[in-house]
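By written order: A, B, C and D. Residues from 1 in each chain.
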Amino acid sequence: MIRVAILGGSGYTALELMKILLHHPHVEIAAVTTRQETKEGTPLVSELHPILARRLDLRCEPFDPDRLVAQGVQCAFGCLPHGVSMSCIGPLLERGLRVIDLSADYRLRDANVYAQWYGESHHDLAHLAQAVYGLPEVYGEELPSAQLVANPGCYPQTAILGLAPLVAGRLVDLKDILIDSKSGVSGAGRTPKLTTHFPECNESVTAYGVGHHRHTPEIEQVLSDIAGEPVEVIFTPHLIPMDRGIFTTIYAKPTRSVQEPQLLELYREYYAKAPFVRVKTNVPATKDTWGTNFLDVTVRVVRGRILILAAEDNLVRGASGVAVQNFNRMYGFPETTALL
Amino acid sequence: MIRVAILGGSGYTALELMKILLHHPHVEIAAVTTRQETKEGTPLVSELHPILARRLDLRCEPFDPDRLVAQGVQCAFGCLPHGVSMSCIGPLLERGLRVIDLSADYRLRDANVYAQWYGESHHDLAHLAQAVYGLPEVYGEELPSAQLVANPGCYPQTAILGLAPLVAGRLVDLKDILIDSKSGVSGAGRTPKLTTHFPECNESVTAYGVGHHRHTPEIEQVLSDIAGEPVEVIFTPHLIPMDRGIFTTIYAKPTRSVQEPQLLELYREYYAKAPFVRVKTNVPATKDTWGTNFLDVTVRVVRGRILILAAEDNLVRGASGVAVQNFNRMYGFPETTALL
Amino acid sequence: MIRVAILGGSGYTALELMKILLHHPHVEIAAVTTRQETKEGTPLVSELHPILARRLDLRCEPFDPDRLVAQGVQCAFGCLPHGVSMSCIGPLLERGLRVIDLSADYRLRDANVYAQWYGESHHDLAHLAQAVYGLPEVYGEELPSAQLVANPGCYPQTAILGLAPLVAGRLVDLKDILIDSKSGVSGAGRTPKLTTHFPECNESVTAYGVGHHRHTPEIEQVLSDIAGEPVEVIFTPHLIPMDRGIFTTIYAKPTRSVQEPQLLELYREYYAKAPFVRVKTNVPATKDTWGTNFLDVTVRVVRGRILILAAEDNLVRGASGVAVQNFNRMYGFPETTALL
Amino acid sequence: MIRVAILGGSGYTALELMKILLHHPHVEIAAVTTRQETKEGTPLVSELHPILARRLDLRCEPFDPDRLVAQGVQCAFGCLPHGVSMSCIGPLLERGLRVIDLSADYRLRDANVYAQWYGESHHDLAHLAQAVYGLPEVYGEELPSAQLVANPGCYPQTAILGLAPLVAGRLVDLKDILIDSKSGVSGAGRTPKLTTHFPECNESVTAYGVGHHRHTPEIEQVLSDIAGEPVEVIFTPHLIPMDRGIFTTIYAKPTRSVQEPQLLELYREYYAKAPFVRVKTNVPATKDTWGTNFLDVTVRVVRGRILILAAEDNLVRGASGVAVQNFNRMYGFPETTALL
């Protein structure tokens, strides 16, 4: 039984994580931390998330590394905002805990790139250097020995897994990749804003972060790893009036003549050992991934261009599900434990 | 041409009001006030509401009664929050303007009732006394001479117009009336809150203000006027994941034996001269009132109880549409001007 | 390991049931039947429900009682439409299978009542007489020995469990009970109709079945059992633009003076041993029951009337979750198995 | 006063058209045809569309060209399905009526292209040859003398108007244009199907018609006209869980170095006389076009690629609004009549 802590328990990824971990036969949720306060002190988990009443009747606690150690916590899942995360993770690592960080703080290998896209300096360079990017289908071999895993972003997973077989085989022009994503609103977090106020975003579609969304360098870093040379993408996310789900449409230019059946076969082979990537003949729909850790993908050839269509649940596969998939690999449990 | 001002231009009722008034052949929108500021000073109306670009290219201004007078404004529509409204309306009335106030500040005749339900003292008693409650189907005769009209609440209109024919004829027990309302989220205003954050209220239904919603005394005041004796109701509003629309289901106990066809006939007669009340044979749906000033209503007898089912668009009939209907009556224009 | 069959695998309750049963440690889904045909014959389960790909890779089969017996099926879950169900269940019972029927066919004890509300004669009276109404909180003692369980309707559970403590204690007038329910669209099934066509029901609320919804006699039968004398209710369902969830607001008249704290205490005691009824201090929201088998309920006293507010997920607690809860009780497994 | 007829009154475009025409000072809706039947014969318009009760109290009639002539109808708006439309329009043209056809039947100049994409032969070649494609911003000069106007498709307008300034100036590679569109469900029409059944398409995004959507040749035909040489596009539509609205994201490759401010200026000049194209600095949102005839567009340069972002209301600008805009131009009324 691994005793785990959830850091930053009030958001949507923390909720989803707790729901999954409650089904994990080898996990005990020993602590949930929060900066929120009620009159009685820290709230119960079920006060933050009433859906968890009778399933996780635990009182939250303030973040305190020594207390977590004293509670026998072996592994922490970080659900803190970026910037905050890099102040909290180091002390845990120094006390010997393993950490799966769901924030963006340890995803970008180059601190300058982080500073450029996130607008602030990285101040935990020591641990940044040791972080493993937690995409099991790509870096799975590094997970068993990792102490710090940077859990991947929601959008990047659809883009990376959608393109990996093509990029690995150099089948597409690495400088002519267009990624058009559509996401439900939970991806924007739980803090109320005008753009996520129901009567503003319901019955509406818009694009945001055009040309400067922070997931761009993350996508490029991993695809460049896979390709072995620099990959450059244009990434355009859109906000869709639904709770969850990401649908990503990718346009790539083949470097030689390709046909749909061969491409589908290539994808099936590439993901033959990946239990959570379903290569489909039909076009995916986000609803068919709802609440699951699956990434559904298909590929089409249209007028000489390759189109990749991928769908996932942004809170499960896009965040908390893949975090547990990483956890399973780190601790040697079957990869699908608690995830089917 | 009547020159009008909109006070508090940033919210949903102000937007809806401007959309309607732009179609009014006898109205010129001379001023829109706001407390919001941008770097350039007060914003353009189209910065608050991009949908109005090319339709109302006007810069907002701070609220200043003398300036409104100087601009030749004759009538002001107040779209300010309750509490704020009663500080702004008086100075306009004293300068001779007519006012249609969409806030709750002048709806409750008794300042003690106001204090009890709104949690603060009323501090404009002088003008409170002269306000006409702006429900044209009930107080229509008082509108031509009114200087201050208290525009009715969204929920109350469905309850009052749904019950008026029965209460007027003393056909139901005046102490046994249950009003169960379902409203879209725009009724909660434009200020972001956790309860109206998309991923919280989408795909969910809940009740709120159970037993203490502020529209309760408003409903009772008007129904008591109609009945000529005190009426008491239980009112339960629910939040529905849609932009706009109110559906109200009312349960009343008949004082004598009644039958559906006679009741429908009673309703049709009662509203024979009301252009915006559609007495239907079928059950209404809020979608059939979308964007219109109609209140749709039908009546059923079920196991000896009378059920009234009413639907409206909360932003039009429930607020800005009826405000223009009031305006039309105040100035002697045909009641349906700009509203069909 | 109990080998089970799902009869009528194409609908939403069948899908939900399979998702739950896949987590059940003592269940093997041995067969799924369907009347649907593809070019290749009966479809794969994952063709009916792509979300189940890689989780239940099974080909459907036509309904054939002998084949089910040959496959070693011990228990069947009926997800067939009413009317169809009563033709299929008998042959299974006669072959010794136990059956949990999610249709309405075996819920109403009196075949005349069935004929009156469902518009057709009941033609399996023999088995009707032996059916146990599968509401574990009320008839739980009868489940271990039941061969045929009539799984309860979605709306009735909110009404019955919401009222049971009051009705059992004769605390309310049994002839003055008003039940106002709001349901998501999945309750209407998976067959496309104009009323459930997205642009018709999205952004709209309406009532339906006013005065003649078929769940009315079901509610009354069970509440009368609990009260020991006839109970009569008025039940009004409404269609809400969301996938799933039922919120029920109940208005009852107390027979003596009551206060909120005592009522809440009464509810807590009444449901002290019911793992899936959460008596709440706050008003429930359907979202807090999403995907769970919980029924959340609270109670309020407003102007001398008792208001009960209850929420559930109509597909889980309202159908497939409670079916598994019944199954657990029938076979002696812990009641919450596969349901937390 | 022009007497007009609506052919095929039961769908969403017909409804939207009637709502707009009711505000047109020079139009009288003389007839609405339908193939639907009730027990009393053809239904009232308000039976097809309850929202129109009290606004258009007219009984529908079967389609009969001679009767329309006898009623003095001068202009017909065709809201019939493609394939049906080309059987009905000819007889009207032969009787001297002018026709604005909202179906796809007269949009594609080349009957072979029609046959290839629509899967059936065109059988009204005579009139096809005379049809004017009704995009006022492009073919506006031909409208005053047109007898038959082929009203443009919803998606094509966003693509064509989004690209016109670039294509006209040969600023982009005409063979490397990617069009990624997101549409609300009303675009799929009013006939219930599984894909538009609420619980299927709500809370989901998917692509459809990938590589073979029928609007592709329409987009190419018009852009080729504008460019003066063949243009080829890849067009991918997606279904979004909302009633209405289209958001289109276009990726084009510049033929020379471009900068955002110059491009925005180019767009502003190109559309200087187009009252319904709003060139914006901010990214558009479909909600800001809701119920209007505006097409909102902006342009961005991202890593050397041009991105065009356009939004419209698919039922107004995308269908019925532009139909009235065409009508206004055909009859010499101010272009914005009934549309602001």
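Just so it is clear, contacts are C-beta pairs under 8 Å (C-beta built on N, C-alpha and C of every residue); 3 or more make two chains touch, one makes a residue touch a chain.
These figures come from a predicted structure and were not determined experimentally.
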Distance-maximising chain from subunit C - centres being C-alpha averages: D
Pair with more cross-chain C-beta pairs in contact, given A-B and A-D: A-D
Where subunit A and subunit B are represented by their mean Cα positions, the distance between them in whole Å: 46
Interchain centroid distance [CA atoms averaged], subunit B/subunit D, Å: 36
Inter-centroid spacing, subunit D versus subunit A (mean Cα positions, whole Å): 40
Contacts with two or more other chains, residues of subunit A listed in rising order: 184, 200, 202-203, 241-244, 285, 287, 290
Complex contact set, residues of subunit A against subunit B: 12, 184-186, 190-194, 196-203, 241-244
Residues on subunit B engaged by subunit C in the complex (per definition of touch): 178, 180, 182, 184, 200, 202-208, 210-211, 232, 234, 236, 238, 240-245, 247, 249, 251, 283-287, 290, 300-303, 305, 307, 309, 311
Subunit C residues touching subunit A - in the complex, by the definition given at the top: 22-23, 50-51, 53-55, 203, 275, 278, 280, 282, 285, 287-292, 294, 296, 340
